[in-house]
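After the structure tokens below, expect a handful of questions from me.
As written, the chains take the letters A, B, C and D, and residue 1 is the first residue of each chain.
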Amino acid sequence: MNKAFTKPATVNASVSPKGSLEVLSQLEVQKLKSVSENGLYDLFRSCALAILNTGSGTDNAKAILETYPDFRIDIVQQDRGIRLNLFNAPADAFVDGEMIASTREMLFSALRDIVYTESELKSKRVKLDSGEGITDYVFHLLRNARSLVPAQEPRMVVCWGGHSIGHEEYEYSKDVGHELGLRGMDICTGCGPGVMKGPMKGATIAHAKQRVRHARYLGLTEPGIIAAEAPNPIVNELVILPDIEKRLEAFVRVGHGIMIFPGGAGTAEELLYLLGILLHPENADLPFPLILTGPKSAEPYFNQLNRFISATLGSEAQKRYRIIVGDHAEAAREMVKGIHEVRAFRRAKADAYHFNWQLHVDMEYQNPFEPTHANMAKLALRKDMPVHLLAANLRRAFSGIVAGNVKEQGIRLIEEHGPYEIRGETDILGPLDELLQAFVKQHRMKLPGTEYVPCYRLKR
Amino acid sequence: MNKAFTKPATVNASVSPKGSLEVLSQLEVQKLKSVSENGLYDLFRSCALAILNTGSGTDNAKAILETYPDFRIDIVQQDRGIRLNLFNAPADAFVDGEMIASTREMLFSALRDIVYTESELKSKRVKLDSGEGITDYVFHLLRNARSLVPAQEPRMVVCWGGHSIGHEEYEYSKDVGHELGLRGMDICTGCGPGVMKGPMKGATIAHAKQRVRHARYLGLTEPGIIAAEAPNPIVNELVILPDIEKRLEAFVRVGHGIMIFPGGAGTAEELLYLLGILLHPENADLPFPLILTGPKSAEPYFNQLNRFISATLGSEAQKRYRIIVGDHAEAAREMVKGIHEVRAFRRAKADAYHFNWQLHVDMEYQNPFEPTHANMAKLALRKDMPVHLLAANLRRAFSGIVAGNVKEQGIRLIEEHGPYEIRGETDILGPLDELLQAFVKQHRMKLPGTEYVPCYRLKR
Amino acid sequence: MNKAFTKPATVNASVSPKGSLEVLSQLEVQKLKSVSENGLYDLFRSCALAILNTGSGTDNAKAILETYPDFRIDIVQQDRGIRLNLFNAPADAFVDGEMIASTREMLFSALRDIVYTESELKSKRVKLDSGEGITDYVFHLLRNARSLVPAQEPRMVVCWGGHSIGHEEYEYSKDVGHELGLRGMDICTGCGPGVMKGPMKGATIAHAKQRVRHARYLGLTEPGIIAAEAPNPIVNELVILPDIEKRLEAFVRVGHGIMIFPGGAGTAEELLYLLGILLHPENADLPFPLILTGPKSAEPYFNQLNRFISATLGSEAQKRYRIIVGDHAEAAREMVKGIHEVRAFRRAKADAYHFNWQLHVDMEYQNPFEPTHANMAKLALRKDMPVHLLAANLRRAFSGIVAGNVKEQGIRLIEEHGPYEIRGETDILGPLDELLQAFVKQHRMKLPGTEYVPCYRLKR
Amino acid sequence: MNKAFTKPATVNASVSPKGSLEVLSQLEVQKLKSVSENGLYDLFRSCALAILNTGSGTDNAKAILETYPDFRIDIVQQDRGIRLNLFNAPADAFVDGEMIASTREMLFSALRDIVYTESELKSKRVKLDSGEGITDYVFHLLRNARSLVPAQEPRMVVCWGGHSIGHEEYEYSKDVGHELGLRGMDICTGCGPGVMKGPMKGATIAHAKQRVRHARYLGLTEPGIIAAEAPNPIVNELVILPDIEKRLEAFVRVGHGIMIFPGGAGTAEELLYLLGILLHPENADLPFPLILTGPKSAEPYFNQLNRFISATLGSEAQKRYRIIVGDHAEAAREMVKGIHEVRAFRRAKADAYHFNWQLHVDMEYQNPFEPTHANMAKLALRKDMPVHLLAANLRRAFSGIVAGNVKEQGIRLIEEHGPYEIRGETDILGPLDELLQAFVKQHRMKLPGTEYVPCYRLKR
């Protein structure tokens, strides 16, 4: 990465907790402080930098880190609790020397989640060797972040889609968010720009119009992606899950329905993840509204995606979603209708509204996938596999491509070893190739302005 | 007006009060109902139509009324209180058959203000023959609308400027609103599109970022302008004052500072009004932050305006404002600084924060001006007049031009009698002519898309 | 009155409005101030003294006024609004020099009501020559005091009964209040000690137990009685109606049910008032829960009252109430049951919950009765009268007795002219005599410790 | 215990969580449920019974358990979370079949604390072998109960004193609570009747008068005492600490000042505990308001207590408290003054307001003391000991006497083995004997109505 950045404005500041970590024991403060001297410091520093860097237009994690090489964040112990001292922090996070309230909240959310994750893992409580154990772990991370609100009607709509989309698609995502907001829905996205921001922005204005006071804008992210997709400041609940798989599970357990907008590899990963789960026989009767939507101009995109699903996962998969093109109000109406069914179902089953316990998530979808060149190369992509395993592997393939595109570690691996190799049957690699080429042509792989160099090679 | 509108979508609906008029006596309901059968009905109907028509892009009051010729609004009496039955109402005001909360609030605000105004005038209490009496009347209208909030720190920034401005100026006004919102300021505008909407939109996002919960978006309007400048739905307090002069007085009494963006005749009217008041000797020591601001591209505009003020009102007038070009953050910072001075001043004088009692407003500025052709023709515009009377008459001249441009009655008068004639000394009409021509050239007189036919003729 | 008071502790203080009158126009402040120099000053001063004197144990208005002869309360005008300067005020109303919050609220409630009443009467709006006009007036007084809360479930229980009752009856009234509070009911009384305080105290504890946050303790009083029955400090809404008849109408229009505890002449007056109204044919189908309740020891009292009603108004009247003795939980349960019927009825009729519009109150019950010796002497008490007129006159007789017992003006009249004479048929005066004698014997006429000298003479 | 109880009224009911445990994972519900089948069930059942039995007048834990022999409480697992099914529960905890809100909250507080305590102990986190570890444990128990509220001004007054006191002392404690409440103070007691209830009741009324909305009534108890001193229903935060020593530490760490009313052995234990800590050199400069107060009639009691302290711990100890007799307002004023000093001190040291980290508590005061006959017999009570160890042992002696008087296990031990023997030097046992005899004579050892049989024997 040789792109030149002009030396940006920075400030030094000292902030005390807000929203999280307000009441800490002296031992906890010590532990947090010691964190700053061990391995977690770099993780926290890069998350903090991403949060402070909210306004910027880049999605390259390495670039951000390189822009603020002398950014430092110290954890200071007081009798009263904790403080953070920041040095050479991006000036945009401050107004007249005071940190923006949402940024301050998110900074402490990051600290909270990173340290809690670590301490949970060290405790005996967490059992990551069973599906129930992993689900329980995700539940605790969310509860610790106070994102499981009891006695609240189902209204959390997850919006997935590209962080790098054109103006028309961005405006459309705002329109959908506006229509959802007019109907009282909350919004959950993966943080970041593009589709992660549009629906929240639209909903904010709609909630103002409808006098909705306590709307939730939930951002779920993970350390590997936060730098590339920094939380936009509308997010009023930020949770950093430890890895992609926990983050995906968090999405499908707290969301009451999912809306997919046009996107690139990450969006395809998410769609395949969800379809793979919904295709599991145990989930056959579970209502789960899933709507693919975009502006009229995105029709070819959705047609292609639909063809790809049809060619690889078949018509059963196609039954679990509906495509609505060029009608933001209709998309919102359908989602609300679907969520009413979810509500009725949970009520009938005495299931919680705040966490989808009934959804079966196979361990195949829970275990982290590390996108090394070796792991990518040995992914099985064959037509004779059970459809649910094929979906899992396709999901992993896209996961690797996302890493190679925007994640710090993935970018490093590609820089060192060249593109990933993905092998498989022609019946699968063919449609996959078409889809990926379309993504490249439509500039869905990276934020515009940079030419895309593929981080993968398909080997039929 | 022969422009063709396609027949718009309409709905019928029945709504009960929200925010206002929730507790009415049976006599009051009867009185409201009887209103619907007497002269006030047309006024209420056209205000209601403007409110319901919020989203549309037109600023022509007559056109709106003609678009919904069979719109009807009935006041229904119940033991419990009042209901409004709407027939053939614009469909955009509804979501899935339910009226948007803000629209519903504003509908009843309109009813409240129209009827309260009427009943106050009929009571013996109101004395419009003295300055104190008129100020008292404005106070009561605002208090009845619950817009005088005690014990709240000064933070109401009035934003004035054009309803018909270019994209860049609109974005700039959003940016200023955003910066004001980041600093915890509330926004008050005259309702409508353009500069009346931009700062509120920017502030809404900023308030979300700063976790400001109870931000105020106050819209002050009057029956003659509401159709042309319908309240945008972010407005969460709407007050309809009976005429321009009361509305202007309301602005300067509730606002703690005023920000003027580029605009046309209406904006010039507002600036002249305020300068005329601030130039009064009794107000010499009163702090009143007044900032003229716009994007870099608006520099010529402000230079011209500045020249016009210099040529007509002189350098004393120029001392009461500051022009800040192309720096939205600096504009906001200056405003906040000015408001701190206002706070210190009021505190020292034990004056209220919610109403600027100390500001002296001459009756010259309080008495309504009716822009008939005769009144316009006899406005004195001479250099040897006291500067404060000259400002008053210049204000009236612009007031007439606004009426001829966008107000229902003004448009009718111009249709009947041709353009207004404005007479005066060359030293004044010269700079005035330059200014007006610039407004026309810059499309500041009307929303774009329509060619502007001047409603005035200058007679030197 | 020769009873010696030791010179009580007093303080000087200056207080600004809280809860009412926070936003006043300069004209209003002037008007309020001028009030202090005209006839209303004495009224306000004596109400203020009663409110400040909350804790004391006396019910003699004159005595209170005589205890603080140099108490003064000045209305001070500031730009910001109003202040009250108090001199030689009872020290018990202050904690470490600061006025107790509830007392401060009530002080401004008194000012608000006295001035509003006056200004309403002077306006053209009020028409006291019709029943609707009087009801409308009562409505406006209550609304101006913000005691008409829309969209709130019916739960206001009016508790009537003696201000001078024994310990056992007081404890019982607390127990009933406790049971009502446990069931989420609010309490409305006439202010003062005894039954006016017990249910509120019991309910306060019960509301704490049930975590009811916004419970209402509404006190309705009138200038003539407030000194004798000062609002206890639990009252969190105080309204001073202009006279007994408006106050009684306020009770029956805001209350959703009425509970009558043992009492003396005032309680009998209230019962007769309510029965007279409920016996009107137009109210025949209106649900209105009315429960007479007291401890086991009060059984003879209620038997006697019941006999008196039977003998004078007959069995129709007896059908409108239920007597429950010695079972506070049952009394509360019955009241809640009755209020559920009220709710269903109002819902069916689209009537408001916050004001009982449907209740017909005859002008006979609305017109003020002045208890002069002449008026008392000419009350018709005959068996051949329509029962509803007889009830009205019996009510007036008791009203006079209350005045002679505890009201400043009544006491003066009796001091001057000796006891009132009440004339009537033996069939009525007989039972009346028995009832009154029982009241005297049971010390229900005055707070204990003073011997009761009758202020009336029955002339059969 | 042979006292006969008439078979009390009971009900069956099913309740869901409120205030605690609303969001549980499926594993947590399983764990809670399994609790009901293992050793903790009895503990939870007896705590639950104490909470449900709130209104009753007994302080004998065994007696309560024997009164409801067939009371059962089942933990039921639902997908949504947890439910409690109760069988044969005391009817007084219900209103018309619905559990009183505060009781329901406390029931789940008990479940929360018992299970959390257990699970914390089982985790590796808790280190009970160091002073810091124990303090940290207490901190976590309190935080988990949400009783550490950040950013709240210091205002928590701990009230200690007898649960068995006379009417006059009870009324006095109410008066002090009233005065504290008028000054905005919150109240913390050990739950139960007498002094644990009086100040809360007084404060509730005072908070109502002062319009204090979010007052806290914090009850700290432990399993061994809860049955004898059931939380009164005003308590709106209940925390069950695992043993006496943790509970005492919780008192001194969350309280900003301590008020001691007349009491018996438990009160003496508390006073000795606190004095022992405050006498530690490290706490010499720490402000800690400690006021001993009671009605005029309690003067001899306080004189005797004062003499006992003087004779055993000396004048240094006497300097740490002030005795105020017969002046509830003065006692409250002094407390508020002391708390202002605490606030200034913590502010200067950047110490938290919600937890007194700076107070040094020696392990001597943290380690649980088990009052077996052997442990009681070997307590060293000698004049040549360091005063702080002597205080610790005197505290233990009183702790044992409390157990023998009212705790289930203590009562059993005494029934089996006869009274405890306490040995020591005459200089100490002499004053101790006098003090204990006075307690017996003044009926401070047990609730009245039962004759007190001493559970101890002093051996000089």
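Basically, contacts are C-beta pairs under 8 Å (C-beta built on N, C-alpha and C of every residue); 3 or more make two chains touch, one makes a residue touch a chain.
For reference, the UniProt names are A, B, C, D = AMP nucleosidase.
Computed from a predicted model, the values in this text were never measured in an experiment.
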Given subunit C and subunit D, the chains that contact each of them: none
Distance between the centres, which are taken as Cα means, of subunit D and subunit A, whole angstrom: 48
Geometric centre distance via CA averages, subunit C-subunit A, whole Å: 63
Computed distance of Cα centres, subunit B from subunit A, in Å: 44
Per-residue overlap in subunit C, given as positions that touch at least 2 other chains: none
In contact (per the touch rule at the top): chain pairs: A-B, A-D, B-C, C-D
Touching residues (chain side subunit D, partner subunit A) in the complex: 22-23, 25-27, 78-81, 123-125, 132, 136, 139-140, 143, 148-151, 349-352, 354-355, 357-358
Residue numbers on subunit B that touch subunit A, as the complex places them: 95-96, 100-103, 105, 179, 182-183, 201, 204-205, 208-211, 213, 217, 233-234, 236, 333
